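After this come two complexes, each holding chain A, first together with chain B and then together with chain C.
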Partner chain A sequence: MQLTLEGVAKRVGAATHLYPLDFALQPRAVTVLLGATQAGKTTLMRLMAGLDAPSQGRVRVDGEDVTGRSVRERNVAMVYQQFINYPSLRVADNIASPLKLRGDLDRAAIDRRVRELAAKLHIETFLDRLPAELSGGQQQRVALARALAKQAPLMLLDEPLVNLDYKLREELREELSALFAGGDSTVVYATTEPTEALLLGGYTAVLDAGELLQYGPTAEVFRRPRSIRVARAFSDPPINLWQGRVAESGIQLAGDARLAVSLPANATPAAAAEAGVTVGVRASALRVRPRPGDVALAGRVELAEISGSDTFVHVAAAVGPLVAQLTGVHYFKLGAAITLYLDPAQIHVFDARGDLLVAPQRSGAR
Partner chain B sequence: MNEARLRWRTLFLVAYLIFALLPIYWMVNMSFKTNEEILASFSLLPRQFTLANYATIFTDASWYSGYINSLIYVAINMAISIAVALPAAYAFSRYSFLGDKHVFFWLLTNRMTPPAVFLLPFFQLYTTLGLMDTHIAVALAHLVFNVPLAVWILEGFMSGIPREIDETAYIDGYSFPRFFFTIFLPLIKSGVGVAAFFCFMFSWVELLLARTLTSVDAKPIVSVMTRTVSASGMDWAVLAAAGTLTILPGAVVIWFVRHYIAKGFAMGRV
Partner chain C sequence: MARIDLDLAHSYLPDPQQDSDYALLPLQMSFADGGAYALLGPSGCGKTTLLNLISGLVRPSRGAVRFDGADVTARSPQQRNIAQVFQFPVVYDTMTVADNLAFPLRNRGLPPERIKARVGRIAEMLELSGQLHQRAANLAADAKQKISLGRGLVREDVSAVLFDEPLTVIDPHLKWQLRRKLKQIHHELKLTLIYVTHDQVEALTFADQVVVMTRGRAVQIGTAAELFERPQHMFVGHFIGSPGMNFLPARWREGAVEVAGRRLPVAPALVGTLSAAGEFTLGVRPEHVTLADASAEGALVAEVTQVLDIGTYWLLTARAGEALVRARLSPASAIPQVGEQVGLEVLGPHTCFYGRDQQLIAAGSEPQALRASA
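Let's look at the complex of A and B:
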């Protein structure tokens, strides 16, 4: 199924929830809508589903204009952030409800399909219970099973895992990836977490403040963010941004650090070079052990957070404040001097307008 | 807590209960006595226990038809109130339209008007339309007070149901009526119970409109009860029995909806 949005925008009263955007979803693949809260993910998703009509623009399914057509006449499935099930129906009836309404399957076939889905989502022992008698994770599994039962060509998931605890979220995300890989639905998955986008793979659309900033294969968007805004949205911890000046054979940063980078000749007119550039460095690109060709960045430790397997160090460096994500547990004294190393091949360079000039080289893109 | 305070508290509550229940006890007590005993002596329990008063009510058509008439127009009123209030409450709860908040409040102001204000218009209108002394006349008149209340109560219960359930149903392919009756209505059935109860309560005890709009065929029990005052004095015992029978339906209904009413109070809508 090919879903295309042409110049679609959504305004509610005086507020603009979504600026005009063109969006052709990759058919039969997972598309992740990535953006902070209020970025317009849910608005966009509701337009795709047909729950809301766009203020302007057209929505097409396989070329056919479906703008303003009611959601009942479209073949979509949706899972909400809150666990939405029919409270008065048993789990089995909940899952069966879209199949019963379609009316092309007999009772035995519906029953078989319900059991099959329940087994896949590990809720087969709860089929006779009411949704309220289940835990949050189980309730969301029921909602997922009901959405999958329909085998709709377009499946929309609006932050389906955000209200679950960490362990359940990981478990369910893995199962979801497996389910999506097997099906031939076009899946749209909204999330606020860059890591989730990377884990799900597929394609990513980065949204920010009601604008669609970039759409492409997830790894590609991560490696080559089109602008500083995309890089900011698609990084956790936030990407380090330093002001620099184009100098001979590289970029001159504050504090006498020089990065040897070859800037594309066509993309750096003299004026842009004058205006300066912004260097973006992902927190994971910084290391404490040097490798040949690395640039050393000296600074002072301001804060160190240990999160299980990683250590996040906030450093006041000569180049500016930075955050480094170091693998393993490291202990730092606050205020201690620290030297971090950076491979100049691992940096992003943005011009004065914020557009990408140089992306990291592929080796060790993450 | 010291013992003296506890004792005072218990004492106070007991006293309150006695005061609250005394009239009801007195009426029930009287309904099992004869008129002679009521007028001649003071007794806490009937000395000559008799069911004759109840027998009078259940055998005399002019008495029991009063109950039947009351029940008929109360039932009609409840059915219409709920049937009308359900879609209205759904609209107020789910859609925003021009002036929705004002209309919602205006509905409630109908309840602030004393029923007597509407007496004359109703009388004139029903006489013209030939609706006088019919059950439907009283039922329709009571709608002015019951529909706003039912809409108000139901809207509260409906707004407690997430809108996403409606949307999920549409996505699954439910038609609106099917969704409303098979999915939505079961979720707010306690609200329907509470709304029906309050409609019942108003319509059952309302005297002024019911008495004015009826004469013979649809005469309600509250009106029949005034009949016992006659030239030969007052039939105290039968009147007490009628009163006892009048509070019974209310007691039965409140027993069924007691849990829901608590829920309604918690939602701030009752």
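Let's look at the complex of A and C:
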């Protein structure tokens, strides 16, 4: 199913919730809508579903204009943050409800499909219970199973895992990825968490303050954010940003650090060079062990947070404040001197307007 | 500020018979004066019950709560002098930010100049100074939650400040700031802080000591590093870390550990424990699994089933015998493809071994050369 938005905008009174945008979703794939609270994710989803009408622009499904059509006349499945089920129906009947509405399946076929979906979402032992007798995670699994049962060409999920436990989220996210990958639906999945977008893969649309900033394959948007705004929105911990000056054969940063990078000649008019650049460095690009060709950045440890899989070191460095993400457990004394190392090939460079000039080079993948 | 000692159990049922009837199984625990603690676990693990027992919202069905040695079991939260911050902002919309922050102090009848100084300090720490005279009603949800945090922290004379999932409604970027703020505030004010969350990153980065809970039991209390590197219970290995620890069924056979059909020699120090255990579980974190040649001695042979680019690292899943093993690989390493045969080294200083009751029985083994006469 090809969903296309043309010049779509949404205003409520004097407030603009969504600025005019063009958006052609990748058919039969997952598109992640990534952005902070109030970025416009839910507004956009409601327009896609037909729950709201846009203030201007057209919504097309497979080329056909469906702008004025309500959600009931479209074939859409939705899953919300809150676990929404029919409270008086058993789990099995909850999942079966969209199948019964179709009217072309006999009881045995419906039953088979319900069991199949329940097994996929690990709720097969709860089929005879009422939703209220289940935990939050199980209730959301029921809502997901019902949405999947509908086999709608368009499936919209608005932060479906946000009210679940961290570990449960991890588990369910993985199952969802597998279910999406095996299905035919065009899936739209809203989240505030960059890591969730990376784990879901597919395509990512970055939204900020009602604007669609960039859309593309998730890994590509992550690696080549078009602007500082995209880089900030698509980073957790926040990407380190330092002011720099274009100097001979590279970029001069505060505190005497120089990064040897070649800037594209056409992208750096003299004016931009004079106006300065912003260097963006992901926390994970900083290391405590040097490799040949690295630039050393000296500073002082302000805070070290061990999250388990990673240690986040907050450093007051000569280049500016920075956060480094180190794999595993590392010990630092607060106030101690520290040197971090950076491969100049792993930096982003943005011009004075905040547009990307240089992206990190790929490493690792064969 | 107070030292808090718990020696109690709690059931919401009138006549508990078995373990599953208890929201909180018998437990002895102490919270040091001025310490930062987190209670971490999935929903239903008993962490909120534990918090409510400390605050006095719930009275334990058995045992006692002591503050600085004095039995406070029968006292209310007010009498215990507890400050609390909840998941959703609790603010008075019609009041200004300053009045909201001052409210708990005015209630205690503090002199105005003391109130002003304290409110100013807390506002500065939370970066609310610029908004002190605005009405709370017009602020965004995250600013309101900052006020809630400020109200929890504003009193100097509290026994402890309790937080129940306070950052749930906050966006990821602001979470980073607020976590950092809370840590600084803890350093400066030396309040006893107890923080309930299901989010391991929040718990581990906030607290000096984390209590990991499951099914009404505290299975381990330790620093972030201890919980990550030496999980005392398989649940801790699974719950901490993202993704959690890999667990592989293993047994002792002919002088070595047998895992997925491969014999792996271990350090002499472990031989006694592991040979006595016979069958056990090998636990190794994805961060500590390293890639080797498929033919390498001392490595598992596995077939790659999935390779995910997580941006900052690669997550590899491979099947070794019946078990799935995950490895977190640096973006700088060569990444194998799906279907490829690889060697996985699972023994190292951070490898843990668990007995039948899921408790740690041994840990740490450097890869050893196979002895000819094993």
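One rule holds for everything that comes next: the second predicted complex is superposed on the first by the 363 of 366 C-alpha atoms of A that agree within 3 Å, B and C clash if a C-alpha of one lies under 4 Å from a C-alpha of the other, contacts with A are read in each partner's own complex, and residues count from 1 in each chain.
Heads up, the rule we're going with is that contacts are C-beta pairs under 8 Å (C-beta built on N, C-alpha and C of every residue); 3 or more make two chains touch, one makes a residue touch a chain.
Bear in mind that the values here come from a model prediction, so they are computed numbers and not experimental data.
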item	value
Joint occupancy of chain A by chain B and chain C, clash or fit	fit
Partner chain(s) touched by A:Arg102 [first = chain B, second = chain C, both, neither]	first
Which superposed partner A:Gln82 touches (first chain B, second chain C, both, neither)	first
Superposition-derived comparison: chain B or chain C, residues of chain A touched	C
First (chain B), second (chain C), both or neither touched by A:Ala260	neither
Touching partner for A:Ser135 - first (chain B), second (chain C), both, neither	second
Touching partner for A:Val71 - first (chain B), second (chain C), both, neither	first
Which superposed partner A:Lys167 touches (first chain B, second chain C, both, neither)	second
Which of chain B and chain C A:Pro237 touches, first, second, both or neither	second
First (chain B), second (chain C), both or neither touched by A:Ala119	neither
Arrangement angle, chain B at one end, chain C at the other, chain A at the vertex (C-alpha, nearest 10°)	80
Where chain B and chain C come nearest after superposition, their Cα distance in Å	14
Touching residues on chain C, where the partner in the complex is chain A	42-44, 140-142, 171-173, 176, 179-180, 183, 198-201, 204-205, 223-225, 227-229, 238-244, 285-288, 308-314, 328-335, 337
Residues on chain A engaged by chain C in the complex (per definition of touch)	36-38, 135-137, 165-168, 170, 192-195, 198-199, 201, 219, 222-223, 232, 236-238, 282-284, 303, 305-309, 312, 314, 325, 327-329, 331, 363-366
Contact footprint of chain A on chain B as seen in their complex	162, 164-165, 167-175, 183, 186-187
Chain A residues within the chain B interface of the complex	49, 51, 70-72, 76-78, 80, 82, 84, 86-89, 97-98, 101-102, 146, 150
